[in-house]
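I've put the structures underneath this note.
First chain A sits with chain B, and in the next complex the same chain sits with chain C.
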Partner chain A sequence: MANALDPHAAVVATATGLTDGGLRTADGKPLARALARSQSLARRRAFLLVLPLLAFILITFVVPIGQMLQRSFYNDGFSAHMPALSQWFADNPRGTEPDDAAWTALATDLQASAEARTIGIVGTRINYDVPGTRSLFTSTGRQVRRGLEPPYQAALLDIDEEWGDPRLWSAMRDASTPLTSNFYLAAVDRTRADDGSVVQVEERQQVYVMLFMRTFWLSLVITFVTFVLGFPIAHLLATLPMRKSNMLMILVLLPFWTSLLVRTTSWMVLLQQQGVINDILVWMGVIGGSQRLQMIYNQTGTIIAMTHILLPFMILPLYSVMRTINPSYVRAARSLGATSWTAFRRVYFPQTLPGLGAGALLVFILAVGYYITPALVGGSSGQLISNMIAMHMTDTLNWSMAAALAALLLGAVLLLYWVYDRMVGIDNLKLG
Partner chain B sequence: MAVPTYATPLERVWHYAYLVICGLIFFFLIAPIVVIIPLSFNAEPYFTFTDRMLSFDPEGYSTRWYESLLTFGMQNPDTTGWAFWSDAWANANWIKAAKNSIIIGVCSTLLATVLGTLAALGLSRPEMPFRRAIMAILISPMIVPLIITATGMFFFYSNPCELLGLFGLPTNCGRLAGTYAGVILAHATLGIPFVIITVTATLVGFDQSLNRAAASLGANPRTTFFRVTMPLILPGVISGALFAFVTSFDEVVAVLFIAGPDQQTIPRQMWNGIREQISPAILAVATLLVIFSIGLLTTVELLRRRSERIRGVTPR
Partner chain C sequence: MKTTLVLSTALAGMAFAATAQEVNVVSWGGAYEVSQVEAYNKPFTAETGITVNMIAADNPSTPLKAQIEANNVTGDVFDVEVSDAIRLCDEGALVEIDPAMLPAAPDGTPAVEDFIDGALQDCAVANIFWGTVIAFDTTKFSGDKPASAADFFDTEKFPGKRGLPKSPKRTMYLALIADGVPAGEVYDVLATPEGVDRAFAKLDTIKNDVIWWEAGAQPVQLLADGEVVMATGYNGRFFDAMVGEGKPFEIIWDGQYMDMDMFVIPKGAPNPEAAMEYLKFATDTQRLADQAKYIAYGPSRKSSAALVGMYQDGKTEMAPHMPTNPQYLETAVMDDPEFWADHDAEMTERFNSWLASS
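Now for the complex of A and B:
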């Protein structure tokens, strides 16, 4: 039983099932409760160490991304500034022809919005769905500020006939609630027809699905090329004696530590039409001086540069797995009559799969979200979905669209991240 | 790795072919980085080796691009001596960019290292609840595409208090976008995963009984940490810090989205240079950065070996 001289007796008794529930610690507390308390204290201490960073990451990283994603399905640019018309849309089901009440609501809202100088926001929101309508709103706004006489339908149609366009009314109906799925529909090349049904956009406007496909396809190609190039290197490094392999490892780690922009720049220098590689090819007589190869500002440039940049991420996990493979398995296979190819295929290669999976997933995840390198060496055919997000952020200022594309990309990346965690475990992520 | 004695002739041929292939891949890895170094000394504004360079004519080489780095943005580049250097220090664009990069890099590294090391200590304790999920969240800044992170930060840093509105608090407390603080916070976020990964890796072999021994000998927790734990995990902490520093030093997307004109960093300046008119001056910067990364790589390798030695983990 527990006593002051031998407190461990109680622990032993609990562990061996000899307890009668009345065990107490040296200072007289019930043992079970004391144990639970000390464990929860330890848990709390560990958690308190992590808490500052967790809070930091939540505030500076998770919340901003959440806020950004909210824009992809929430846009009150129209509904907040056109309350009367939004109310009319709420009261009348889809398909109702705009009646006098609707036109009156539209006119009052336009007047109020023009006075408050928010008409540009309203126009921008509708412009996302019906391109070219922003100027309709702003110019009408300028005119209604000077006064508008009923009947409003005639007056507004007089200012611009486009006010009668059913597509415009359909778009305004969609925008009359702040919650919208239109940006996601647009992100997969769909749009709403006048009757509210979902249809594909015109063929020449279908860009996003193609871009997603291209992003995934190029990432797959890059992952495959890094595997083909990385496997022999990792194998060589893993089988050489430590001294030599440490020397050669520097050749892998130096690119890893070199600035991304530096590596992209050097590929621009090498691959240019007047660049080093073309010069060498011309000098060797492989190609004529007038048929210099176009290796940059297209997909080839993106693939070459990104393969170079991501190769260390394939080599390092492969290497750390290959180091642990016991060479005697292959020797055993050989002694049992396997040819070197069979021994490699049936014995060695399967053992490298964990490293291969880790490397391939990491390379793929990083490639899918790449922005800088495609932007600099990709030309127009080597752009990825990240570049489209950046374009919507900085050029077209269609932030909701950027957010919807980002949400889809993020979903894909997080799914892969989850798979990575299941398969490899984040704890096994190694650097250098 | 030698050819086994029982190898067939074909296998021997394959072995040497394999070595050649590996040599080519190493060449692919390293050549693009090496090639820009001689090109940065080109006397002509070309991105390829001129005939004079190939015949090792000293006329073909010059340091003009390095000088242009210094004089670009200076008010009066024709002065000499003290006046030249003080002008360069105050006005040269690349020097300003370097100063910004270092300020932002050092501050964000400090923040990331302190928070990251504390968290790694907690995560390495066996009692840590929800370890896997929390680890996944803390590593995610490394995994989430930078453009998404930067987009999110762009909105958040323009008005960091927007969410306080949910609790009925005032929503206007200034901007973080376009300030040093904003860029530092963003870069700290991006550097944290690297600190977590390296420090938790160092703590894997850490013997917890050393802490208990220190405590039983009368050391308080603070003394235990600084005299026992810290010296042992220091190599991991330093290499994590270096990773965080490089991340910040090399980061351009977040800077593009949230930095103002006052926070031009070296990568931002390079980005502008590459996009507008690429001149060999970019190669001069690139060469300096390559030398910088060689220095960093050497430091990290030395630290790693030292860490393995003091933890008694012998290299396999």
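Now for the complex of A and C:
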């Protein structure tokens, strides 16, 4: 394999007419095999060199993310602590009315889980699907700890009538196997009806699909704005004499080196209604004191602040590509009669595409996952899906839901990456 | 940090062989952490010789849950909100705490009676009460000054932007109170679908005048910048701005929302005995009263109230700034952790959906 790719070996072999491996090294081994061996040794040594990095990435990146994503479809909060009832669900198909055996299983499991103090885990799991049922489990748990007499159906219904709710039983059936698609359904504003079919949630509960669309739309807008603003600056950087371009480069990089929070907070100072820009506009008489513009705590604020923060990610790849473009091409086009616009459009711009592609991809992917800036300056209309993921991680502690949303976001980005590869080709990317 | 954690685990393993004991306390950082270091940790170390390692988290229940999931608990004592304490206790993650072990009040009243109702849970002991209150900038109102939750929603009488937290838990109660629901009935109303609709309908009336905040420092900043004329926020933060920085703010105690912060000990804590010692020490009458010297949050023991004195500047009387002042308690809404454990996700989704629709 290796020798076939080695042009030198091939040339020698063809020249001497010995293509069937007749060439041998000084100590008599076939040249092809000796070459392969020495190359595989070098490859193995190279692999050992990258092994620490590979292990580092595996341990700190792939494994934790994998474990986190596993939660989005695997949650044994119910099945692990309610074994008897889970078994009953496994034995009886959907639609079976809960019989005596089911109620007995429920009562036994409730008692065991109340004793073991795992009833909260069970309740939390069911509460994800049927809001308001967590306390049903915990309060019933407190009562059954004091003892529960058969017949269990009557006893449990006596504690709380909600135990007879078909929606609750349907949710318990869904949760009786640890593998579940419910978190993904919830992440696209769907839920399961009592009969197990997938339906949309109430209109006033729908939020995720809208946020996904908003996230992608705003990211596109931000990518476009960074392109419009960044392209001329990158061109200037690439064409100015060294001294001036270095100065300009520092101006581009300075905000890049400044803390993200500092930059976001500065935008608050500038953009708010009692802020610098509004003050200047009022002072100049452009707007009246009572018509101060609302430029922050809404989508406008998110777009402005994120565009500024992500701008260097567009400028730098563009600059690195533009610097390598030979100015004589454009001159040649002009001397052949092209107008400056045609020369730019047909000759210069196509050569910047690898940088543009890289910049656009970087900005877009970073924007899709942005969290702290929209949280601080986004108000209510500038929130993105990542804010919802953070909320589920830290407030509701529903990590399965957070994982499902994150997995969808990751999937969508990978899909876009694939489309991009198909349309533009990843080989045409130049990151720096 | 990591070495101290590893070290402390090793020390716990050696049981009694270790002479220099440690306890890892995970709390909220900031001025609150300072108050705990001054009021609890320093005297605790002086008395017992046990070193206290303070670890800051945005919300300690998040690392607590993570450590339990990973089966690698490194903190001994966590300072969490009451709803998280109850939830984690129901999930079997916390050590149960027998109130009989807690020290009695100086006059001999047993701990069970000395703590304010709700401050003792199966697995948790409260250390402070804190209020979410309305504050306004006095310079923005020349005539009448706002005085109630209803005034907060009255943009005709008191024009200007309002600051509200982006959370259903800390906005819906205020809407209901402003709509005339007595503080004691807020959760009865909120438990019905009509009550939820009523709260959203009231919020609708000021929706276009609200700037939503997320971090506790924001409402103070928004008020100071003149970006809003009224905001709800945590009473300790407003106190700092008013007394510490001399801002012209005033607090409306009508319809304050009361929360507790509680100490919990996770099962599998590396230093369980030191943790229990710390918890007992930190929640005794004098320590809770001392904490009020550094931050305007109310002690969870009735017997501490009498011992609360001056702020650390030596001239500000703390009693009128305490959310637990009996005068303010009448119109206060107590947090209902069970309700929010049940409905948080559902309400948050509806709230976000409401926010997004214009």
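Keep this in mind: the second predicted complex is superposed on the first by the 375 of 432 C-alpha atoms of A that agree within 3 Å, B and C clash if a C-alpha of one lies under 4 Å from a C-alpha of the other, contacts with A are read in each partner's own complex, and residues count from 1 in each chain.
Keep this in mind: a contact is a pair of C-beta atoms (placed from the backbone, for glycine too) under 8 Å apart; a residue touches a chain by one contact, two chains touch by 3 or more.
Because the structure is a prediction, the values reported are computed rather than measured.
Legend: residue contacts after superposition of the two complexes on their common chain; A:Leu376 is shown touching both chain B and chain C. In the overlay built on the shared chain, the residue A:Arg146 is in contact with neither chain B nor chain C. Applying the stated contact rule after C-alpha superposition, one finds that A:Ala116 touches chain C and leaves chain B untouched.
Look at A:Val62: by the touch rule set out above, it reaches chain B but stays clear of chain C. Of the two partner chains, chain B is the only one that A:Leu254 touches; chain C does not reach it. Of the two partner chains placed around the shared chain by superposition, neither chain B nor chain C is touched by A:Arg243. Of the two partner chains, chain B and chain C are each touched by A:Gln274. In the superposed pair of complexes, A:Leu397 makes contact with chain C only, with no contact to chain B. Of the two partner chains placed around the shared chain by superposition, chain C is the only one that A:Gly132 touches, whereas chain B remains out of contact. Touching of chain A by both chain B and chain C, each in its own complex, is seen for residues 272, 274-275, 376, 393, 399. Contact residues on chain A toward chain B in their complex (touch as defined above): 39, 42-43, 45-50, 52-54, 56-58, 60-68, 71, 229, 232-233, 236, 239-240, 242, 248, 250-255, 257-270, 272, 274-276, 279, 308, 311, 323-324, 334, 340, 365, 368-372, 376, 386, 389-390, 393, 399, 402-403, 406, 409-410, 413-414, 417, 421, 426-427, 429-432.
For chain A in complex with chain C, the touching residues are 116-121, 123-124, 127-128, 131-135, 138, 141, 204-207, 210-211, 214, 272-275, 297, 375-376, 379-381, 383, 388, 391, 393-399, 401. Put simply, chain B touches chain A in their complex at residues 1, 6-7, 11, 14, 18-19, 21-22, 25-26, 28-30, 32-33, 35-36, 39, 46-49, 115-116, 118-119, 121-123, 125, 127-129, 132, 134-141, 143-149, 151-157, 162-163, 185-186, 188-189, 192, 194, 197-198, 200-201, 239, 243, 246, 249-250, 252-253, 257, 267, 270-271, 274-275, 278, 282-283, 286, 289-290, 293-294, 296-297, 300-301, 304, 315-316.
On the chain C side of its complex with chain A, the touching residues are 58-59, 61-62, 65, 69, 84, 87-92, 161, 166-167, 211-212, 214-215, 225-227, 338-339, 341-346, 348-350, 352-356, 358.
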